[in-house]
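Below: one structure in structure tokens.
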Amino acid sequence: MENRLVVSASPHIAHKDSVKKIMFGVVISLLPAAVGGVYFFGAKAAWVIVLAILSAVITEALIEKLTKKPITIADGSAIVTGILLAFNVPPEVPWWIPVIGSAFAIAIGKVPFGGLGYNPMNPALLGRAFLLASWPSHMTIFKTAPKDGSLSGINLAAIKSYGLDAITSATPLNVFKTQRGILFEWHDVLKSGMENPALQAKADLANNAISQLSDSYANLFWGRVGGCVGETSVFLLLIGALYLIYKRYIGLRIPLTYIGTVAVLTWLFAGTEGLFSGDPLFHVLSGGLILGAFFMATDMVTSPVTPKGRIWFGVGCGVITVIIRLVGGYPEGVSYSILLMNLTVPLLDRYTKPKTFGKVEQK
Amino acid sequence: MDLNHLFVITISAIFINNFVLNRFLGICPYIGVSKNMDSAVGMGMAVVFVMTLASMVTWLIYDFMLKPTTSNIFYIIFSAKEPPDLTYLKTIAFILVIASLVQFVEMVVQKVSPTLYKSLGIYLPLITTNCAILGVAFLNLDENFNFIESIVNGFAAGVGFTLALVLMAGIRERLELAPIPKPLRGVPIAFLMAGLMAIAFLGFSGLKL
Amino acid sequence: MKEIFKLGGILLLVTALASGALSMVNKITKPKIEEQKRLVVERALIAALPTADPKAIEKVIENDEILYYIGYTTQEKTDIAGYAFVAKKAGYSSVIETMVGVDTTGKIIGIKVMEEKETPGLGTKIEEIKYGESAPWFQLQFINRYAGELAVDKDNGPIRSITGATISSRAVTNSIKEGLEQLEKRLGGFKKQANPTQTEQVS
Amino acid sequence: MRLKKLTFKGGVHPPEYKELAEDKAIEVMPAPEFVVIPIQQHIGAPAEPVVAVGDEVKIGDVICQAKGFVSVPSHATVSGTVKAIEPRPHPVGGNVLSIIIENDGKDEWSPDVAFDEKYAELDADEMKKRILNAGLAGMGGATFPSHVKLSPPADKPIDTFILNGAECEPYLTADHRMMLEKTRDILEGVKIIMKILNCKNGYIAIENNKPDAVRAMRQAVKEMKMDVEVVSLPVKYPQGAEKQLIKAITNRNVPAGGLPMDVGCLVHNVGTAKAIYDAVSSKKPLIERVVTVTGQGIKEPKNVLVRIGTPFEKVIEFCGGVTENTIKIVNGGPMMGIAQFSMEVPVIKGTSGILALTDKETGMRDPDPCIRCARCVDVCPMNLLPNEMARQIEYNNFDEAHQLGVLDCIECGSCSFICPSRIRHVHLFKYAKMEVTKKLKARA
Amino acid sequence: MSMMSEFSKGFYKENPVFKLVLGLCPTLAVSNSVQNAIGMGVAATFVLIMSNVIVSLIRKGVPKKIRIPIYIVVIATFVTIVDLVMAGFAPALHKSLGIFVPLIVVNCIILGRAEAFAGKNPVFYSFLDGLGMGLGFTFALTIISIVRELLGNGSLWGVPLMPPSFEPVLLLILPPGAFLTLGLFLGFFNWLDAKRDA
């Protein structure tokens, strides 16, 4: 009897959650969006997801096998990385894109740093940034229009009646960026007093396109727009996010500050008629912001642990996202903003360390 | 002076063409001094200070001593027939100027503020061989910057260096407490991390200001 | 004190020796370097003005600035083969400089990118020569076009931009277009087009 | 009505398992054949044995004398013969010199113990003397000598007394039952304490998962016309920790490294209050206490009045023994209690519970790497960063751990409880505290 | 002291890049093509040999206190010579190496060898040391650039080598690729050493 007694430090009971449960909880939360991706973009989206998961899991197992370390694929984190990577590539990429992306995410972004819990940056986003830098043509061209919708999210009827078909073969933010550029050019021309009928025609079209984009909220919300495999349907992503919040796997500090910052800044600066003329709702609904804010910026390993640090993290992500969207080299900035903020996490943790209880009065 | 233009130079030097992550300048101190946050901050401040000064001084040297213009000092002193083109001496002139500048700064700081010397002093000698300092002098030439632009560029480049260094130091302090595979420990993982940082900084490329 | 002067003297001596040696090297290499610089422009001019006699190209200078070049068909300089100018615009990560040649009607007859430091593998494709071809495909697109046509596909123009490097493509295209418009002003207009083509209006 | 929510930052909601024993009235366990009384059952200097092997003792006879101010005496808890004075296993760890008394079954009391009608008129010093002589030490588990707590320095007057009936540890119901069954004795104790301290504000803090206790207390307070407030607190662990309790009730922050008296507060556990009443009114020393014997491994969970010094084995036997799948015996609650090597260890003054836990309840498994989920940060009632501290300690960086505030940790176990990776924070922190203190001493 | 070992140590045992972790700025910056790498390698080797020889020649006449400035002047002189010659005779290479040609001055390998070796050893040994170190540096640059150019551009020395269906990993010739490749190489050599010692 006595030798069976276990002696260990207190506490002697534990919460029922485990790393594995959390990871598979995240997997479950991503399922609606995954199903949505397959529904909207067809079987090739399913292929991308499956290949990305397989590649992530096999890469991790292979490296651990070769380096004679315990195999950790059962914790589910590689699966999460695989799904998130798949969610961040266009549906029509060649088969080797998700495979190489996942492999890079695991083999360079995660394992060298000590595996789960030690990677300083989000592996899936690193994989995506790697793909984007290496094969930009595959990663920036979207050809597949969603079921019952258009790539730009503009209603098919509006496209016809405004004659927009020439400029709407791109994702919403892409259309926004190029057309906004044209409008600015046109504003300059107007100011200089010169006449340029060709540009005026283009500017009129751009005005139409931007106003139609703003009217495409419903399409953006349900996911009837072009984009990466898992980023388009705000509705399905929110279902997953609610599940995570309900399960307390993620907090609200990062997503809310992130989305809030993007909304405020785009309202301020993203317009074509000066300050406060932007369309925050359009910017919140498009460009994978919801996916980023709820599923990737909240990645536990690569976000701050302190409550204040999380708020700054969210704000920082928002600021960088808007900077990239408005003046950067890419139409959207969610991935890079999160990666960049990942780098600041040790600093945020260090400088937002909460005051120890009772140290409040001491100065 | 166009403030907007100076802003563009600043942002470019800090984020878009970050000295360390994009231009590969100052790699040795970046890897060497990023193990600990306090020394990273100290080194960063020293670099900002010296870079700004070096940009200023090398610009003056180049424009008034080496460049074949009518304001060339030698042209004026020796009243030569034609302004001498001494630009081929720029490498030798710059490195000597920077080396003595660092010595001079070290002496001044030691006299003026012993506390500052304590936090900055040990990094100053290391700076002479920091190619970022000489690099910024050459880049100022390459870009045809005027005096103010050179100073701004020097300062911003230093800030960019410090940013990369401090971020790296924060992460490396954390990597010290991670089960990193043995062959990768130390410098190799620092380079992998630098690579990942550079990937993140690609997000700034193409920024149109 | 004495020692400082002694050491300083030695250092000065060494530096003086080094400078002397360098000035000798410089004497040898200087003409070579200038020759190289001249060659870059010369080669670009030949590419830009294929119909002109390479020895009959004149600079038009105003206030120490080269405005444009005039190329004549023969050394007698009777017939103008065309004009050339350098178009500049900031691309993705550098200022792209392109030598552009047009005939007297304003039609582009040759272009050559002289200076760019764009992203390797992306922006640098403005100079990419595909296997089996003799000229960069991107630049070939400009030949025989007029200023009014110049726009990249993303802006509904006929110039196919480089995948993943729209900014570089656009910089080249717009710099040429702006340069052409400026040249036209300076020349007081081009000759009437011999065979006017309808400018494509996509909108 | 208060508008502000009565709570503190952080904390967890472990499963309570109070239902195992909360309805079981306190049963008196017969005195065992022998008792083992360690000379150290409190924080501070150990007491000094004043009996020799072979001596005859009666219940309540002093068998070891307090040594110094922060120390309390111990008394014989059965009548009989001193059999041995030798080191024996101690529930807080290691072997401690203990006095073993064989019970002669006569249950003879020391003649000093008698009810004093006029106890309420005694002056504070006399009351404190009686409390010291009764060997009282905090019965919530921390076992800090009670008379010391009641003697604040002159420059730190106490204006607020809080009776701690929170009993936030899961499983434990001893205080709950006491409040129901000994309501008046406890309140008499409160009166004594408030008289000693001469303080005006009195609170009785009870978590709202014990509505019957709240009701009973309110009723008694009304009947006894006492000017104290019975506060019902939301259930949250570690509500019963002094600093957190003070924060929740008075919104005062006890400074880090400081004591409740620094903010004019004093907290005593309900068990202590009852014992104070006994000591002052009857000079009755602390010879027995209520222990919750529970856990899924106990066949018949009970609240038992046990003589101090009774081996765990005997108490468990009294409750029907343990089931086959019991893997852990714990002295105290599941969050802060101490796991035992053997069941020979005796009940001491601070033993609020004896738990027999099964493998299922403990949820033990090997730790996973930290995934920085930050739950530990969210729950830490002291606002520390348990994850960072644990990682530093794993790499033996004690200076960094010290800077992060490991000495401020109250070892409440919230972080380890919530951790999905099952990292043993408390274990690491205890270790680091030792190392840091060692280093600080070496430096001094 | 064998001449052979003075020469050969630079390749592996004391390889300036992989073992001493020196001269990293040019290593990262110009290893995006084999042409650049070898150009830089040759330039640095030339400066290394010449400065080693001169420093060794004058080592007895140089006052201790000002030896470092004098070394720097010597090095800067040869760097300028390389710079001018390259600009005159290999303008394309000069352009693509950019400011990293004059920055050879602050390459720690060169000053390091002058201080650690040439200042204390006779001329011929210094020459061998410079040659060995220079070739070691070139060798390191070359193998890094082979990986980067082949995978990142599908070519070697500018000649396309990969099948047309190969889509190059552009990242490798971008700045992050330089860091990652060097990091992996350093790790690889550490692993190799550990394995040999075991």
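For clarity, chains are labelled A, B, C, D and E in written order, and residue numbers in each chain start from 1.
The definition used in the following text is that a contact is a pair of C-beta atoms (placed from the backbone, for glycine too) under 8 Å apart; a residue touches a chain by one contact, two chains touch by 3 or more.
Keep in mind the model is a prediction, meaning the values are calculated, not measured.
Novice: Can you list every chain that touches chain C and also touches chain D?
Specialist: Common neighbours, chain C/chain D: A, B.
Novice: Give me the chains shared as neighbours by chain B and chain D.
Specialist: A
Novice: If each hop has to land on a touching chain, what is the smallest number of hops from chain A to chain B?
Specialist: Contact-graph shortest path, chain A to chain B, evaluates to 1.
Novice: Would you mind checking which chain's C-alpha centre is most distant from the centre of chain A?
Specialist: With centres defined by C-alpha atoms, farthest from chain A sits D.
Novice: Suppose every chain is reduced to the average of its Cα atoms; which one is closest to the average of all protein Cα atoms?
Specialist: Chain nearest the overall C-alpha centroid, as shown: A.
Novice: Which chain is most remote from chain E in terms of Cα centres?
Specialist: D
Novice: Just how far, in Å, is the C-alpha centre of chain C from the one of chain A?
Specialist: For chain A versus chain C, the centre distance works out to 41 Å.
Novice: Nearest whole angstrom, what separates the Cα centre of chain C from the Cα centre of chain E?
Specialist: For chain C versus chain E, the centre distance works out to 33 Å.
Novice: Can you work out the whole-Å distance between the CA centroids of chain D and chain E?
Specialist: Roughly 70 Å separates the two chain centres.
Novice: Between chain A and chain D, what distance separates the C-alpha centroids? Give it in angstrom.
Specialist: The computed centroid separation for chain A versus chain D comes out at 51 Å.
Novice: Where in chain B do residues touch two or more other chains at once?
Specialist: 88-89, 92, 96, 181, 184, 189, 192-193, 195-197, 199, 202, 205-206, 208
Novice: Can you pull out the residues of chain D that are in contact with at least two other chains?
Specialist: none
Novice: Please set out, as single numbers or ranges, the residues of chain E touching at least two other chains.
Specialist: 69, 73, 76-77, 80, 84, 168, 170-171, 174, 176, 180, 187
Novice: Let me make sure I understand the interfaces: which chain pairs count as touching?
Specialist: A-B, A-C, A-D, A-E, B-C, B-D, B-E, C-E
Novice: In the complex formed with chain E, which residues of chain C make contact?
Specialist: The touching residues are 6-7, 10-11, 14-15, 18, 21-22, 25-26, 28-30, 32-33, 35-36, 40, 119-122, 131.
Novice: Report the residues of chain E in contact with chain A in the complex, numbered from low to high.
Specialist: So the residues of chain E in touch with chain A come to 167-172, 174, 176, 180, 187.
Novice: Help me check something: in the complex, which residues belonging to chain E touch chain C?
Specialist: Spelled out, the residues of chain E in touch with chain C are 32, 62-63, 65-66, 69-70, 73-74, 76-77, 80-81, 84-85, 87-89, 91, 152-153, 160, 164, 168, 170, 173-174.
Novice: Where on chain B is chain E touching in the complex?
Specialist: Those residues of chain B that touch chain E are 21-28, 31, 88-92, 95-96, 99, 128-131, 134-135, 138-139, 142, 181-184, 187-199, 202.
Novice: Please name which positions on chain A make contact with chain C in the complex.
Specialist: 136-137, 140-141, 166-167, 178, 182, 198, 201-202, 205, 329
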